[in-house]
């Protein structure tokens, strides 16, 4: 963000006399406003998609009345929440009851500051990026406890205590896994984490690294080889980084209170957990921050494992993938009516296209380079970053209807007896490998 | 005027001593053991602020004060966990955590 | 760097401002007809019973306690992870010692069954020596 | 005074006032849970001050350990030692004019010391990010205290868990 505004500041002549801080604040303000509205729309669209995914999985239609295929349902929901009466229970601690949504929402919104959204672009570049995000992510616990206690309702209090215990527990494997990835990346700055990946499979800055053990087979001559998506951190030390990815994804589910870990708001026993007493707009902000948190976690995983804004395949691949997909889709379309089969056919075609792209040996990964317009990289990076993160969010929704809810003791056992020891072993293994292959 | 940008050290020291005094006041006057612990946290925080201030403005490398502050934070965590465990124990045995009522060990 | 922290502050302020604006907008257009029954605590339509005491299980505290110790450890390990590449073997050994000492504590807690949320009834009976 | 300095002043005084007010509430609030959430205000404002002093790692550690850890532990302990469903958890305090006078004198002495300090050096310029320097320091100069810390944490873990668990069985 700073570089971007500096650039504008130097280019635009009418800003000459102004101190730099003024355009900087205005620019940051505009960006923050865009992001906050994005969160609101994102949460709305997510509820719509979630209901559609649920309906598809349960062989229903889902929302259908408002707009074509119910596509405006989320707007109607938002309007409804705006018009709902906002009750504060008589016995509640009024001040804390009203303060809690602020803490929860500000905590989850502040996490967006350090996310690397596009090449050379994130709202702010903090030296301690990832540490800062998990710190602010954990401050949400306080908001939840505050909401639960201030409602002075048993459901809310139980839900809040359970939620706090759950989030707190799953923070341990999350932290250990992020530590393991930090050994590979060597920087806390989220922006540098991606910026130092070269698409030929090396990491720039510090020592130059070739690909690690199984992949270095291909890269004997780095000049002739372009790793593409194999340069992402998830492919660095294959079994261990995969395990790390799975651990942190499970933890992300647990920390955002998603099914199968939604004990805090298990509607069959606790009504709806810590926000039982909330209604109208206040409730909707809890809701909003939950979806914002889902996205933040997906974005962290995207940055640490899936190469952030980097394009996954070269230009031949990215042109061939949709083309082959559509061809196969057309071939299958006449023979089957089941949309699932058509989808599988499309995916197979896309896979073939990507494979052909890899075989072609094309080393152009950015359309921006191909077209010779460097500023296009910004939009391309933005596209890839949001596509990957959103894919992980969709996966969360999918899992909701696939896996039954955990009991509270199973939840704790999974965290402390399986994930934590696994994360420790993983940390050691990655540490040793990193030392061997440095 | 005592502007922060002109006299940063003085400003920070006055702030931290005020918080320190509030902490001491809490420790002395509160009856509840958990509240007393919160007073201790206030004191530790004010001391931390002093360390970091001096680390920033006096130390050339700018690191020693930060190191001490980190150790203080870790010790605060250790102290809080043990103290609260003891308080919980007292509550289980006596049904209260008011320090002025807990006199059974006096004789 | 201060500028970046300033952006962070700005974001927090904007989040609070956005929430306030939404609440104020809601206040203008939404109805507001509170009455006594509506403002009671939600308890499935029943009158609230037993406001005085809910005894939480000490296990909540034990879990939070174990978490706190590990959290502190993780915070201390972050600077180590950042310099790990430049220091090499010594860093690996030192941190191995650090983690192993703490893992001893983890093993102790595990062996004492403090990580288990619900102890099975039979085990509880064994500990209490009752024989039902 | 330039615009940047004015902004810095505003931010500092806002943080300082938040911290002062919150710590005042910690010292005087009559509601137990509100006391704990006032402590949250103190912790956040101090974290902000660390940020203002360019101690970025401390900023994160403060929020992660104090806010996300110690405060949660304190709130859990309050929930476990009080009749929690009662909103007005009382938090008694015995205050006398003597105590207030002694604390005021203490404050006066501290302010006097702060204002009579010798002239100080300018803001130092670190050439490396703070986290990196701390990492190097942990692996060289403060290695021994660092390893001792792990023993301390081990003792804490075992001791506190033992204390807390013993009471469950009785």
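The letters A, B, C and D name the chains in turn, as written, and every chain counts its residues from 1.
The working rule: a residue touches a chain if its C-beta (ideal position, glycine included) is under 8 Å from a C-beta of that chain, and two chains touch if they have at least 3 such contacts.
Quick caveat, the model's predicted, so the values are computed rather than measured.
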Original post:
Given the two chain pairs C-D and B-C, which is bridged by the higher number of C-beta pairs in contact?
Top reply: C-D
Original post:
Per-chain C-alpha centres versus the global one: which chain is nearest?
Top reply: C
Original post:
What whole-number Å value describes the gap between the mean CA coordinates of chain B and chain C?
Top reply: 22
**OP:** Give, as an integer number of Å, the spacing between the C-alpha centres of chain D and chain B.
**Re:** 6
Original post:
If you average the Cα atoms of chain A and of chain D to get two centres, how far apart are those centres in Å?
Top reply: 31
Original post:
Which residue numbers or ranges of chain B touch two or more of the other chains?
Top reply: 70, 73-74, 77-78, 80-81, 84-85, 88
Original post:
Mind pulling the chain A residues that touch 2 or more other chains?
Top reply: 91, 126-127, 131, 152, 154, 157, 161, 164, 168, 171, 188
**OP:** Indicate the residues of chain C shared as contacts by at least two other chains.
**Re:** 1, 5, 8, 51, 54, 56, 58, 60-61, 64-69, 71-72, 75-76, 78, 81-82, 106
Original post:
Taking chains as nodes and touches as edges, what kind of graph is this: line, ring, star, complete or other?
Top reply: other
Original post:
Could you list each pair of chains that touch, in label order?
Top reply: A-C, A-D, B-C, B-D, C-D
**OP:** Enumerate the contact residues on chain D facing chain A in the complex.
**Re:** 2-4, 7, 31, 33-34, 37, 40, 56-57, 59-60, 63-64, 67-68, 71-72, 75-76, 79, 84-85, 87, 129-131
Original post:
Which bits of chain B are touching chain D when the two form their complex?
Top reply: 3-5, 9-15, 17-26, 28-32, 34-35, 37-39, 41-42, 45, 48-49, 52-53, 55-63, 66-67, 69-71, 73-78, 80-82, 84-89, 91-93, 97-98, 100
Original post:
Hey, which residues of chain C end up touching chain D in the complex?
Top reply: 1-2, 5-6, 8-9, 50-56, 58-62, 64-69, 71-73, 75-76, 78-83, 87, 90-91, 94, 97-98, 101-102, 104-106, 108-109, 112, 114, 127-128
Subject >> In the complex, chain C residues that touch chain A >> reply: 1, 3-5, 7-8, 10-12, 14-16, 18-19, 22-23, 25-27, 29-34, 36, 38-44, 48, 51, 54, 56, 60, 63-64, 66-67, 70-71, 74-75, 77-78, 81-82, 84-86, 88-89, 92, 95-96, 99, 103, 106, 110, 115-118
**OP:** Within their complex, state which residues of chain B touch chain C.
**Re:** 70, 73-74, 77-78, 80-81, 84-85, 88
